[in-house]
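Labels run A, B and C following the written order; every chain starts at residue 1.
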Amino acid sequence: MVTPSPDCNDLKDRFASANQSGDGVKIEIQNLTASFSNHGALDNVNLSIVSNEILSVIGPANSGKTTLLRTLNRLNDLTQSFQMTGRVLLDGRDIYKEYDPVILRRKVGVIFALPMPLPMTVFENIVYGLRRQGVNDRKKLSRIAEKALTDAYLWDEVKDRLEEEAPKLSGGQQQRLCIARTLALNPDVILFDEPCSGLDPISTAKIEEAMMKLKSQYTIVLVTNNTKQAARVGDRTAFFLMGKLIEVGETAKLFTAPTDSRTEGYISGRFG
Amino acid sequence: MLKIGRFKETLVEGIIKTSGIASIFVVTLIFFFLLKEGVFLFKTVHLHDFLLGRSWYPISDPPEFGILPLIYGTLLVTAGAAVLAVPLGIGAAIYIAEVAPPKLKEILKSGIELLAAIPSVVLGFIGIVTIVPWARQFFHIPTGLTAFSGSVILAFMAMPTIVSIAEDSLHSVPKSYKEGAYALGATRWQTIYRVVIPACSSGMLAAVMLGIGRVVGETMAVMMVTGNSASLARGIFSPARTLTATIAAEMGETVQGSDHYFALFSIGIVLFLITFAINMTADFMIHRKRK
Amino acid sequence: MKFPPPLAQKIAFFVLFVMTLFVVLPVLFVMFLIVKNGIGAISWEFLTAMPKQGMRAGGILPAIVGTFYLVAGAILFALPLGLFAAIYLSEYSQDTWLNRAIRLAIINIAGVPSVVFGLFGFALFVSFFKFGASILSGSLTLGIMILPVIITSSREAIDAVPGAFREVSLSLGATKLQTIRHAVLPHALPGILTGTILGIGRAAGETAPILFTVAAFYLPRLPQSIFDQAMALPYHLYVLSTQVPNVDVKIRYGTAFVLLVIVLLMNLIAITIRSHFRSKKKW
């Protein structure tokens, strides 16, 4: 059995009240059902994500975790066969009706499973999104880049390597670079899609440390296959199985006293 | 600012889409225009007489537009080229893909690319100064401008196509097939001809077909060395004339709108259909293999 | 007769080697012949003077200039159109039966004999649009002929750029067009360039498509406008070798030499770009 991190308990009251009143809700998912070419991926999901929390999303393969994540910044739009019903509200506005996807993606950043730096320099990777918004002032870009790299715990390692090609960095550094690249856009929400699946334990620890620190400024959704990671960093945890949200609650409670037997079966390692 | 950016974006995307569709449209125009000019011939000449008529006398009075001698010339030259190019091309592909050491392989591949790059008119010129006089002396024939000379030159034009596509298909054979054969104690050669070649036979066939397609459509070199006699060729060592050479040689002398002019477009349609059929089949075979 | 396997292998490999020599050695022979006999003809005058005495003396300047104009015109027409078409097919159009049909059409058009392009160019540009036999008609005909080459190679290059680059770019708030411009095209550029240069080489060497759309038999002056006829190197070589009696063989070889150098140079540049970027590939 996993021991949840202590600070989860400290925040317990705050989340409890937030959930009841709807106050501080950043993202509201309502009756979300999604499919790819008639193959169901999400089945009537209702879920609120609160400001400045880390919500861990766990579940076995094909449980719809990643589809959920990609729905939140409309990356699923790129897949021709994707269809959905239901609503996703960001700050109370429907992201599929009231947002331009380009603007939405600047507010909701994503870190992919595999580190995916673009084949350009470290610096150009960081400022890629800003440049596309028309920011070209070198001083301003440098300032933002330094801040983003610092927040991603990478500045000390790459401050002298900004003009190097990003793919030359180590895997862990690349993944933190991807985090910094997202931070540079100053988003509201950051989605992590199994961000440590290809990394060694030390790199993983660094990224988890960064996440813990970042939640004071950002709302974080972490999809992970690693239940221990979910327990370590998540304030709340949601368990998905075959496209359905089975259970969501404070991490400590979900891991110690799950209400659903399937949740218990998964976290105790009986399947998944 | 965003609004203006969006407008520009929409504009550029519009240009991209329009050009995309336009270039595809242009490509389909080809068949339309061949057809548009070519069908007029059949107002005066019966399709049967066109395809099977034994005489091509477009400027006699009355003219005769039978393309059988031209089809026969094309077949003759193509068959001759295939006899040379298919075994040599396939053999070279096997050697390059499976046998040659890496360094030699690179050199040989550059050699093949070089051959593919030589313009057909240059090969025709080389044919005139080498093969044509050699053939005349060697075979004791009155002229070296024969179907045979055309075949030799065309064989070299088909080889790069055959070699490169056959080589691709040899490379597409999964490594595990070979490893399986080696594990059973087969030599490299046994593996090649019992495992690798059967596994990519449809790719090889596609290579041969595309090579032949290239030969059928080749114009300049063949026009320069085959002697261009429009009567039914008596054999590989006599002058012949192909479909392509007929268009190239006579188009400049026709009166626009005359039956002769239309007849050349009809030949164009025939060529288009032949190469179309060859390419479709080859493409089908290449993709069937992939699945 | 049955050989033991190791001996059979030796024999087979030797036979294959000899077959390969039959393919490759004649190439070297052709090169050798043209260089040996052609290089002597090359002089400043040969490259920069007008032909004289019915092409039996003088230079080949108008043919060189004509080929240059034709190729430039063909690329000017085919590169933007082909590149946009490739972008459209790869990035915008969806995978439908229509697009599969388009792909097949492009493959097949690439296999259409060049002389048929000549016919088409005559019917469409010379006669239908009334451009007459002119540089414009010839360039457009050559352009359409190399369009499939450019579309296919550009498309392959664009499709080879990992899909993840597009997702990353979009997820960082770039628009679709920005994504294509900044995350896709820079990495497809070497492939596009290679295809384009190969297209140039092909356009420079082709004769059949220009026979009735532009080529002038003997025109000892430089073209004045795009509505002028022009001489072209490959056609000039054809004329010299088959239509004009008693031409000094040196002039023929010299013309072949110049044409070959131009075409091979294009291929060399394309191969260099390709191998340079292949070794530097970053993903």
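Worth pointing out:
Note that in this section a contact is a pair of C-beta atoms (placed from the backbone, for glycine too) under 8 Å apart; a residue touches a chain by one contact, two chains touch by 3 or more.
No experiment lies behind these values; they were computed from the predicted model shown.
Located most centrally within the structure is C, per distance between chain CA means and the overall CA mean. With every chain reduced to the mean of its CA atoms, the largest distance from chain C is reached by A. In whole angstrom, the spacing between the mean C-alpha positions of chain B and chain C is 16.
Annotation: 50 Å between the Cα-based centres of chain A and chain C.
Work out the mean CA point of chain A and of chain B, and you get 56 Å between them. Residue positions 175 of chain C are each in touch with at least two other chains. The set of chain A residues that touch two or more partner chains is empty.
With touch defined as above, residues shared between interfaces to two or more other chains in chain B number as follows: 5. Interface of chain C with chain A (complex): residues 94-95, 164-175, 178, 182-183, 187, 282-283. Remark: chain C residues 5-6, 8-9, 12-13, 15-17, 19-20, 22-24, 26-28, 30-31, 33-34, 80-82, 84-89, 92-93, 102, 104-120, 122-124, 127-128, 144, 147-148, 151, 175-177, 201, 204-208, 211-212, 234-235, 237-238, 241-242, 249, 252, 256, 259-260, 263-264, 267, 271 touch chain B in the complex. By the touch criterion given at the top, residues 73, 75, 78, 80, 101-103, 105-106, 109-110, 112, 114, 116, 118-119, 128-129, 131-133, 165, 167, 178, 181-182, 185 of chain A touch chain C in their complex. In the complex of the two chains, the chain B residues touching chain C come out as 5, 9, 12-13, 15-17, 19-24, 26-30, 33-34, 36-37, 87-89, 91-92, 94-96, 99-100, 108, 110-115, 117-126, 128-130, 156, 159, 163, 187-190, 192-193, 210, 213-214, 216-220, 224, 244, 247-248, 251-252, 256, 264-265, 268, 271-272, 275-276, 278-280, 283.
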